[in-house]
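Heads up, there are several structures right after this.
Two complexes are shown next, each including subunit A; its partner changes from subunit B in the first to subunit C in the second.
And now, the complex of A and B:
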């Protein structure tokens, strides 16, 4: 058993990767879905097994091909990566289980095996970023996941997805290339690609200016990938026009993984080594985070399309995550990591309900959804629960991370007042845009025509499970908060 | 002055990077945007290739009869080989997207595409 445990970090990546060619060959209807879902379930099980090992206090490392770090590529799973792995594999599994009918209606039969293959490649890339401890390996996995996401997003029937994906491809590639330049500069000065080794060697570098430039390139590049305001221009359209199942999957984890790399790289390599980097980091990201929360929430208030509204709300939520990190202290980092988990829960659940609503009503503009609650009471009930979690109402997961964030902000002296005002304003704006949806779906009179779509019970079941998870983790908070506290501690250790 | 000229490769890197980025931002034609993106990525390839060069170094093949031989660093070359593959795949995917955009919209000009979408 211990032997198997030691192999799990590699299996997390290898299992979905090796299933890709198999899935591509499964032409008969339904088989590709079955294989992809089964693989995703196995990945989720691996993530759970690794998390339980880490909760017992043993971080996992794996030397690829038996070459020890820093010469070989090392995989390392700690509390932070375990939390992200749970989010990635959980979102993929839950979405795949519920998404078959939706994908059947949006993707032609002939292209489905390729679609599921791209899904597994995205899963491989996202898990790979999180398990690896090698800076260049992160780049490769990032591009695997990005290329697969471009394919997934452009796979739907809406032609407007194509220009949106093109924009995403251009911006995503610029972001990845910036990251590559940064890694190159650090390698040039330190001669290593292993993150832990980098941390030790950046100390010894005489001239710090290339490292400073590298910090700039890496931060901006990853901010592009993570859609940190104002680099979020690709996100709303890409999320709106993607197939509904893809939106549910990617909204839950794609941007979070880029944030993970941003936080990990910055706190491990740059914060302890560059003079004054903590204030530069805070001065750069805190205003952007505040603007993201206020501006993106305000834009969401005026959107008529439900998917686009939720996409702008995602930009705002990324702001909360950045706000926690930009405080550069233990409490802030904990809040940030908990919010990565809780926002994935809320947004994943919301986009799953959008998927169910789209199957029933055909379109998800607010006009089309007038009176929807009477026709799809369970789905809308799940929507309301997830939306409450998004706002941060006590008893839901979203409340926990907002609570941590407010507590972290209170330590900041005079800065506490504007920060807490921002968090409050963001939450009030969230109340307003969620209320618009509820008003429309619960209180507006429905137009006469009965919608033709049909929602299989499996989809409703998945939606209800996702909503229940939001309540569960709002009451039993031990898992995300323990992992986040451990992650913050590990990130903090490097700080002077 | 001579010292600045000695960084010739890095100057080319910076110029290529900016030329590529400029093309991506200013051109409205999707093919030209992709060309810019390729130039932008190639600039980084040049940076990696430049930094592995050791003065007087030769190809990194171990020669037992020459113990004092200096070798160039092979690692950045291997890294950039991977990055080139990534770049090629990105360009290929981008071109495939342009083909489909052309099929559905009948144009590869960004302005015309948005105009068609705005009309619904």
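And now, the complex of A and C:
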């Protein structure tokens, strides 16, 4: 058993990767979905197994090809990566289980095997970024996941997805290139690509200026990928016009993986070695985080399309994650990591309900959804629960992360007042834009025509499970908070 | 059953009942009604079984989960919560009997949803009553709001849904916008939000912040209907009358004043609040609400709306009594929750019985109705006299205690308010009684008899309770005397 456990970090990437060619060949209807879902379930199981091993105390490492760490490519899974892996594989699994009918209606039969293959490639890439401990390897997996997501987003019937994905492709490529430039600079100065090894060697470098430049490139590049305000321009349209299932999957985990790399790289490599870099990191990102929370929430208030509204809400929520990290202390990092988990729960559940609503009503503009609650009471009940979590109402997961964030902000002296005001303003704006949806779906009179779409019970079931998870993790919080606390400790280990 | 098990059972039993009601509702209406009655009776058995433990000085507590270190979902019973839970569970059974008569007599639709939501609302009420800290209380407070929304919007037509929207919007907005920040403030300042005898804020928060925090609680708890956050209560009158009777005369509104009283006694601390100048405004806000709501009630022509404004005024009696910050007045606040509950539920039952029997809703239509519905109007008379505070009704007992507390504090504002509002209560209730008993019915009035027997039985029981409370209030007072132990005279 221990023997198998040691292989799990590699299997996390290898299993979905090797299934890709198989899925592409499965032409008969339904088989590709079945194979992709089964693979995703296996990946989820691997992530759970690794998490339970880590909770018992042992971080997992794996040397590819048997080459020891600084020379070969190393994989390393600790509490932070385990939490991300749970989010990625969990989102993929739950979405795939529920999304078959939606994907059938949006993707032609002939292209479905390719679609599921791209899905698994995205899963491979996202998991790969998280498990690897090698800076260049991160770039490779980032490209895999990005290219696969471009395909997924443009795969739907909505032709407006094409210009959106082109914008995403251009901006994503710039981001990846910036990251690569940064890694190149560090490699030039230190001669290593292994993150832990970099940390040990950066301070041996005589001239620190190239490292500082690298830090700038990497931060901006990853911020682009993570849609940190004001580099979020690609996100709303990409989420809006993507197939509904893809939105649910990517919204739950794609930007968070970029944030993971950003936080991990900065705290591991740059902050221990560059004098005053923690202040640079804090004062660069904190204003952006505050702006993201306020501006993006305000924009969401005026959106008429449910998916766009939730996409802008995502930009705001990324602000909360960045705000926690930019405090550069234990409580802030814990809040940030907990919010990665909890926001994935809330936003994943919300986009899953959007998927169910779209199947029933055809379109998810607020006008179309007038009176939807009477026609789809269970789906809308799940939506309300997930939305309460998004707002941060006690009893839901969202409250836990907001609580940690407020506690972290309180440690900041005079800065606490504007930060808490920002969090409160963001929450109230969230109440306002959620209320618009509730008002429309629960109170507006429906036009007489009966919607034609049919929602299979499986979809409703998945939606309800996702909503229930928001309540469960709002009360029994041990898993995310333990992982986040360990992650925060590990991140600060290298700091002076 | 150990007290700790009983706490969990008191929460789980109505929820299990809700499940049973929704399942049996598909089979037959009789089975569903049987499930409701069994659930209500079982809840009484569980909740009232805890009273001896409390009278003996026990404070059973149980913690379910700890979402954030130091903040748990926990329950701890103290005298005030015990009283509230016993009251709500006891009246639920009577109300269920009444509901059966009312809902069948009116041939209402969606009755299964109605009874299911009712059981969930009762579970939330018990959760509020037994909550051991602010966060737990808040959770069940929101569950109560959400679970009563389908009851208020029961009819489902445009006007009803618009009113239900005011109900939901106002209660949610005040609780999230004001109450929650207040709770977070308490936790951050005091490091805990557990309900502790003597309060937890002494030495942590002083004036003028204390007055602001008090405002967050008083206006954040919209259910207490202190002006200007009272608008939801008249709006909620679009609900079927059993909902108005149990929820908007007992469970929901009492959850509001209960929360404020509990926060004053166990979070702020009566003595701490008394020694701080920043909290004096609460008395004036409550006094203003009493007088203003009574004047508004004077101008109503619809019976249920009149009762709603009367409720707004009576709720502020509890708040004003708590704000006098003297031991006798705190007892008066607790007793008034009971006395008003008996009287007001009787009045609503009567209003509903009149509607079922004759479809009358306006005051002007009630001429001579006393001769056609003698039982109902006799009960209505007892309820109205209790609202005014005439002996031998329960309303007299609580007014006595509140007045005694006001004299103890030499609080002439409170004394004057009580006198003025007694006059106003008489001014809007006595004309109705005169019309009903002594005027002749209108010419075009169609003859009708009493409401269904189940409804008449229920309102007779609550009218008897109103009278009985005048004499048999000993156990309640004994229980609530524990509430004030340790408060300076």
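We adopt the following convention: the second predicted complex is superposed on the first by the 496 of 496 C-alpha atoms of A that agree within 3 Å, B and C clash if a C-alpha of one lies under 4 Å from a C-alpha of the other, contacts with A are read in each partner's own complex, and residues count from 1 in each chain.
Going forward, a contact is a pair of C-beta atoms (placed from the backbone, for glycine too) under 8 Å apart; a residue touches a chain by one contact, two chains touch by 3 or more.
A quick note: this is a predicted structure, and the numbers were derived from the prediction, not measured.
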{"item": "First, second, both or neither for A:400, with subunit B first and subunit C second", "value": "second"}
{"item": "First, second, both or neither for A:184, with subunit B first and subunit C second", "value": "first"}
{"item": "Partner chain in contact with A:162 - subunit B first, subunit C second, else both or neither", "value": "first"}
{"item": "Which superposed partner A:150 touches (first subunit B, second subunit C, both, neither)", "value": "first"}
{"item": "Partner chain(s) touched by A:431 [first = subunit B, second = subunit C, both, neither]", "value": "second"}
{"item": "Partner chain in contact with A:412 - subunit B first, subunit C second, else both or neither", "value": "neither"}
{"item": "First (subunit B), second (subunit C), both or neither touched by A:170", "value": "first"}
{"item": "First (subunit B), second (subunit C), both or neither touched by A:439", "value": "second"}
{"item": "Those residues of subunit A which subunit B touches in one complex and subunit C touches in the other", "value": "none"}
{"item": "Of subunit C, residues touching subunit A in the complex", "value": "64-65, 67-68, 71, 73, 135, 138-139, 142, 158, 161-162, 165, 169, 173, 176-177, 180-181, 184, 188"}
{"item": "Subunit A residues within the subunit C interface of the complex", "value": "391, 393-395, 399-400, 403-404, 406-407, 410, 424, 427-428, 431, 435, 439, 443, 445, 474-477, 481"}
{"item": "Subunit A contact footprint on subunit B (complex, rising order)", "value": "17, 21, 24, 30, 33, 37, 40-41, 44, 47-48, 51, 76, 79, 82-83, 86, 89-90, 93-94, 97-98, 100-101, 104-105, 110, 113-114, 117"}
{"item": "Of all residues in subunit A, those that touch subunit B in their complex", "value": "136, 139-140, 143, 147, 150-151, 154, 159-160, 162-163, 165-166, 169-170, 173-174, 176-177, 180-181, 184, 187-188"}
